[in-house]
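The structure follows.
Chains: A, B, C, D, E, F, G and H, in written order; residue numbering restarts at 1 for each.
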Amino acid sequence: MSANPLVGVVMGSDSDWPVMEAASKALDEFGVVHEVDVVSAHRMAREMLDYGTSAADRGLRVIIAGAGGAAHLPGMLASVTPLPVIGVPVPLQYLDGMDSLLSIVQMPAGVPVATVSVAGARNAGLLAVRILGSGAGEEAESLRRKMSAFQDDLGAQARTKGE
Amino acid sequence: MSANPLVGVVMGSDSDWPVMEAASKALDEFGVVHEVDVVSAHRMAREMLDYGTSAADRGLRVIIAGAGGAAHLPGMLASVTPLPVIGVPVPLQYLDGMDSLLSIVQMPAGVPVATVSVAGARNAGLLAVRILGSGAGEEAESLRRKMSAFQDDLGAQARTKGE
Amino acid sequence: MSANPLVGVVMGSDSDWPVMEAASKALDEFGVVHEVDVVSAHRMAREMLDYGTSAADRGLRVIIAGAGGAAHLPGMLASVTPLPVIGVPVPLQYLDGMDSLLSIVQMPAGVPVATVSVAGARNAGLLAVRILGSGAGEEAESLRRKMSAFQDDLGAQARTKGE
Amino acid sequence: MSANPLVGVVMGSDSDWPVMEAASKALDEFGVVHEVDVVSAHRMAREMLDYGTSAADRGLRVIIAGAGGAAHLPGMLASVTPLPVIGVPVPLQYLDGMDSLLSIVQMPAGVPVATVSVAGARNAGLLAVRILGSGAGEEAESLRRKMSAFQDDLGAQARTKGE
Amino acid sequence: MSANPLVGVVMGSDSDWPVMEAASKALDEFGVVHEVDVVSAHRMAREMLDYGTSAADRGLRVIIAGAGGAAHLPGMLASVTPLPVIGVPVPLQYLDGMDSLLSIVQMPAGVPVATVSVAGARNAGLLAVRILGSGAGEEAESLRRKMSAFQDDLGAQARTKGE
Amino acid sequence: MSANPLVGVVMGSDSDWPVMEAASKALDEFGVVHEVDVVSAHRMAREMLDYGTSAADRGLRVIIAGAGGAAHLPGMLASVTPLPVIGVPVPLQYLDGMDSLLSIVQMPAGVPVATVSVAGARNAGLLAVRILGSGAGEEAESLRRKMSAFQDDLGAQARTKGE
Amino acid sequence: MSANPLVGVVMGSDSDWPVMEAASKALDEFGVVHEVDVVSAHRMAREMLDYGTSAADRGLRVIIAGAGGAAHLPGMLASVTPLPVIGVPVPLQYLDGMDSLLSIVQMPAGVPVATVSVAGARNAGLLAVRILGSGAGEEAESLRRKMSAFQDDLGAQARTKGE
Amino acid sequence: MSANPLVGVVMGSDSDWPVMEAASKALDEFGVVHEVDVVSAHRMAREMLDYGTSAADRGLRVIIAGAGGAAHLPGMLASVTPLPVIGVPVPLQYLDGMDSLLSIVQMPAGVPVATVSVAGARNAGLLAVRILGSGAGEEAESLRRKMSAFQDDLGAQARTKGE
């Protein structure tokens, strides 16, 4: 796997890191090189757009974006990149992340965001691996095999717990 | 009142116009010059930011922005303008505008959006009038008086209906 | 800036202060003179109306009102003043402020309340600054510049955290 | 029963009448003299308070108030009268009356509103009858007997339909 | 005031007492003699109906019933008594009392329950006082005066806190 | 199968029949003899309890109960019978059956109601068949086989539609 | 009662055990032999289907399945067994189990799941007892009698607490 | 582009087609060969698992799955394939798709589903194109370019409407 980051993990605020860290860990487990940044849609809008616009050219192939409340980061990035963008609804102190979820998932026709569960950053990382593994070429195939092995493992663990 | 627009009424899609028209009408009733535009956060993100960034310099003093679903337009504009931004949650076919409302109102600390009710575009227009009327100077005072008269009128109508 | 308060910060109960304090702090940061009062819609209804009715004549230009549950204070004040009223939904022990939010934001046509997020008192203060800064005159221009600088600062902080 | 109205049926707008009419009809069925008025909390706030303040002295013994959205009428009336106030959540076009319900029922400690179901104006009328029938004296006793008979009737109808 | 209880305060389980106690205290403040019982709709259905059926004849004039979750107690009592029944939605560990609220307030036409806020037992007690005070006779008048005094007091306290 | 009804299908009002009919039809498809009645928890509470109390002795083995809004029928029946009670949340004009669902499913520990989906009367019928088919004896076994065949059929239909 | 398990208690993860244990305890109280397993719909899908498919032949007569979030276990089991399946919505850290409840109860026509309350595992166990007790034969009759005695006991306890 | 389907579009029932058709159309616009099937999680569970298990080997690289209510199809497929699975919440007659959304998006850690908006099948198709376009190789690059052009087009259309 190349040393250039393939996945960009971004979040609206460093206070989102305790949730978003799980995305980074999942990518690490699969050896996926990635970058982590605070890119705020509301406090640095133009840099945020620049991040999204340049992502594909910089070699990124998937973006994972987490945000809470009126969570605009995933959707705004999706609007300026042709790459798949995965959105993680980060729950705030009130409303249990329902606001974050709806702000991310209810995108208008034309600009999809691949949304995962409230605080589901680990699944965002795993979804990125699946996406990278769905492509052509050896690296993709290798990731796809790793994902299958990972799934076998999940089953094995579940079986053990059930015994 | 100046011939330059003081209020910008924008919406994410022309399909929002049947809802947003009421904002324009309310402004007309108070003789507030305004402009109306489709400015999509998700389909023309940079122009949208340009619209917000330049709004104050172009002489706008309030922005009214309507959007539905994962409604990012009001919040994104608010992030690049020092002007007050009024958000109108436009209801989509499902969820009765609850997604639009939460996507607009639940803005993070630092970037407020003055949110009105679901489909409450008329109130967005009236709120803009109140804001324009709250300032210093003769024009503001005149608008403030008109708003008081308008409120007296509302009462008179309510009283008549009650008879 | 004048020594007379330009903004009235009111709340239905002193138990709302831990939430509402952030509005006062935000106004302080911008040097906006303001007053703070407990004005209960349900326990001192006439004084509450008097507060609203006299607000403009006393020199106030914006009212910030916080309340929880069946939160009637912002809307009732808005009904008797031509000034812009900003409503802060204060969350109670149950329902995460959804009741407060809907009681404030869903105002009938004719009487707008500029609603911010659940417990979003800091944003209420910042919105008041934006409103004061949107007017004509030097003081407004100065506030508008401060707000732009504040926004630049937000971006700078976000960038630093991302490094 | 006295010719003076014992119950005041009020609503925020004449558009609430199609819902609120059922309260009036229920009172008619029990021969309870009542008055019907449009008393808007938001468009004629002071008269609204006057209505509430004078209600007991004018001989009213129960107030039924219907309102929709940010429904402040029942709670505001309850704050200025010692009489029991019954609130009817009138549903608006969006949100199915959930906003109306929460705005009415979630009153702070000290000022109760007896809330019925969304659009439940008939039950508001019947509740007023129960309240009037709970008192001392012959008229109360007569109403209490009528209510028992009415309940027997409901049962009889249900039984018939089940056959 | 008579030594016979005028109000019955009942709840589905003794675990509801920490919430319901406030109803009893409010009644005590007004010197209203009342009884307190556990009367479970689901565990002693017939006695529960007996309680409701005999309430008026035993001299009760108002019933206050608290229950949580699928809260059937207030509605079932209301179905067998001509007295006004006040329902208190007791919140359970999950769902913040929204289930309790809807189970109590959404009664079918014919059988009203006077519903107060989630965990609003104090208001249930105060509503009972208002109902008792709405009737004819000296005792009612005395309670009505006490309620007015109580409301004046609420205002005085609010004013003091605001100073 | 015996000519005595094994399942009682009851509803709070004949207006529930358009929804509840599907339960009866499903039972017919499996040849399960059943009775259909209007048994209102709120309008004929004692007969309702009698219905539940006597159900097992009359030979019923499952009760299906549908109700809407503050839906108390299934839970009240469950409280007086040892038989399994299946609850069908009937949606009213507002709130999409969420009130009916919560009023039925959120039963306190000790008294379960087997709840199906909003308006899911067909599934209530099928669940009754599964319950009858889970017992000992030939009749049960025959129903269990029919249910398996029915499930095979569902699959076959789905496959055909997919072709 | 036979030594072969009659009820299968399964859950998607061993982290569901603190909730699901109450189902097992309720079955123990009635002497119902049962088995407990972790059977994950998402991590061991085929074994999960095998569990469901073979359940009836292995002598199980009821399945109790608990799961949280996008809770697919109860519905998937119901799709491959003719036995009654009881679903327990296990609440996750966010959303208070509303996601679990809707994922379990809103099954499509054809495949019912008997759903109990959020975290209502004790009721799931009691519902299984009712189902086993609804059948023909001595064992069923014995369980039915025990359930009646249990219900009498519930009433006795409630009465004691009320004293 | 190869003549073998790269995307599988599946739905739980042919009644989902009016919603899901938009996914197929979006794929057609980008010339992405795909297959369309009814694959019911609840009516043909094993074939459904076979579909998922064999998908990668058959050459599929993305699966789009639509389902309504207790929507288990997307999550179950995701549990047996290493490919990315996109879930489309199909709204039923009640609850506006909130049940479908939560049943799809709230997947447990380990098994992600890329969820789009309620009825957002067009976005599901576009997300599949983005995923296919994110990989290595010429075909991916070509799709990525097409997606960029498509996005430019969206902007151009929005600009035209705004004129």
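By definition in this document, a residue touches a chain if its C-beta (ideal position, glycine included) is under 8 Å from a C-beta of that chain, and two chains touch if they have at least 3 such contacts.
All of these numbers come straight from a predicted model, not from anything done at the bench.
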*How many hops, at fewest, get you from subunit C to subunit H via touching chains?*
2
*Between B-C and E-F, the pair joined by more C-beta contacts*: B-C
*In terms of contact pairs by residue number, which of A-B, E-F or E-G shares over half with C-E?*
E-G
*In whole angstrom, how far does the Cα centroid of subunit A sit from the Cα centroid of subunit H?*
17
*Distance between the centres, which are taken as Cα means, of subunit D and subunit A, whole angstrom*: 53
_CA centroid of subunit B to CA centroid of subunit D, Å_ = 36
*Mark out which residues of subunit E touch at least two other chains, giving numbers and ranges.*
13, 42-43, 69-70, 79-80, 95-96, 98, 105-107, 110-111, 113, 117-118, 151, 154
*What are all the chain pairs that meet the touch criterion?*
A-B, A-C, A-G, A-H, B-C, B-D, B-H, C-D, C-E, D-E, D-F, E-F, E-G, F-G, F-H, G-H
*Residue numbers on subunit D that touch subunit B, as the complex places them*: 13-14, 37-40, 42-44, 47, 69-70, 93-96
*Taking the complex as given, what residues does subunit B use to touch subunit C?*
22, 56, 61-62, 79-80, 82-86, 101, 105-107, 109-118, 120, 122-124, 126-127, 130-137, 139-140, 144-145, 147-148, 151, 154
*Where on subunit G is subunit H touching in the complex?*
12-13, 41-43, 45-46, 49, 68-72, 75-76, 78-80, 92, 95, 98-99, 102-108, 110-111, 113
*subunit G - residues contacting subunit E, complex*: 91, 96-98, 117-119, 151, 154-155, 157-159, 161-162
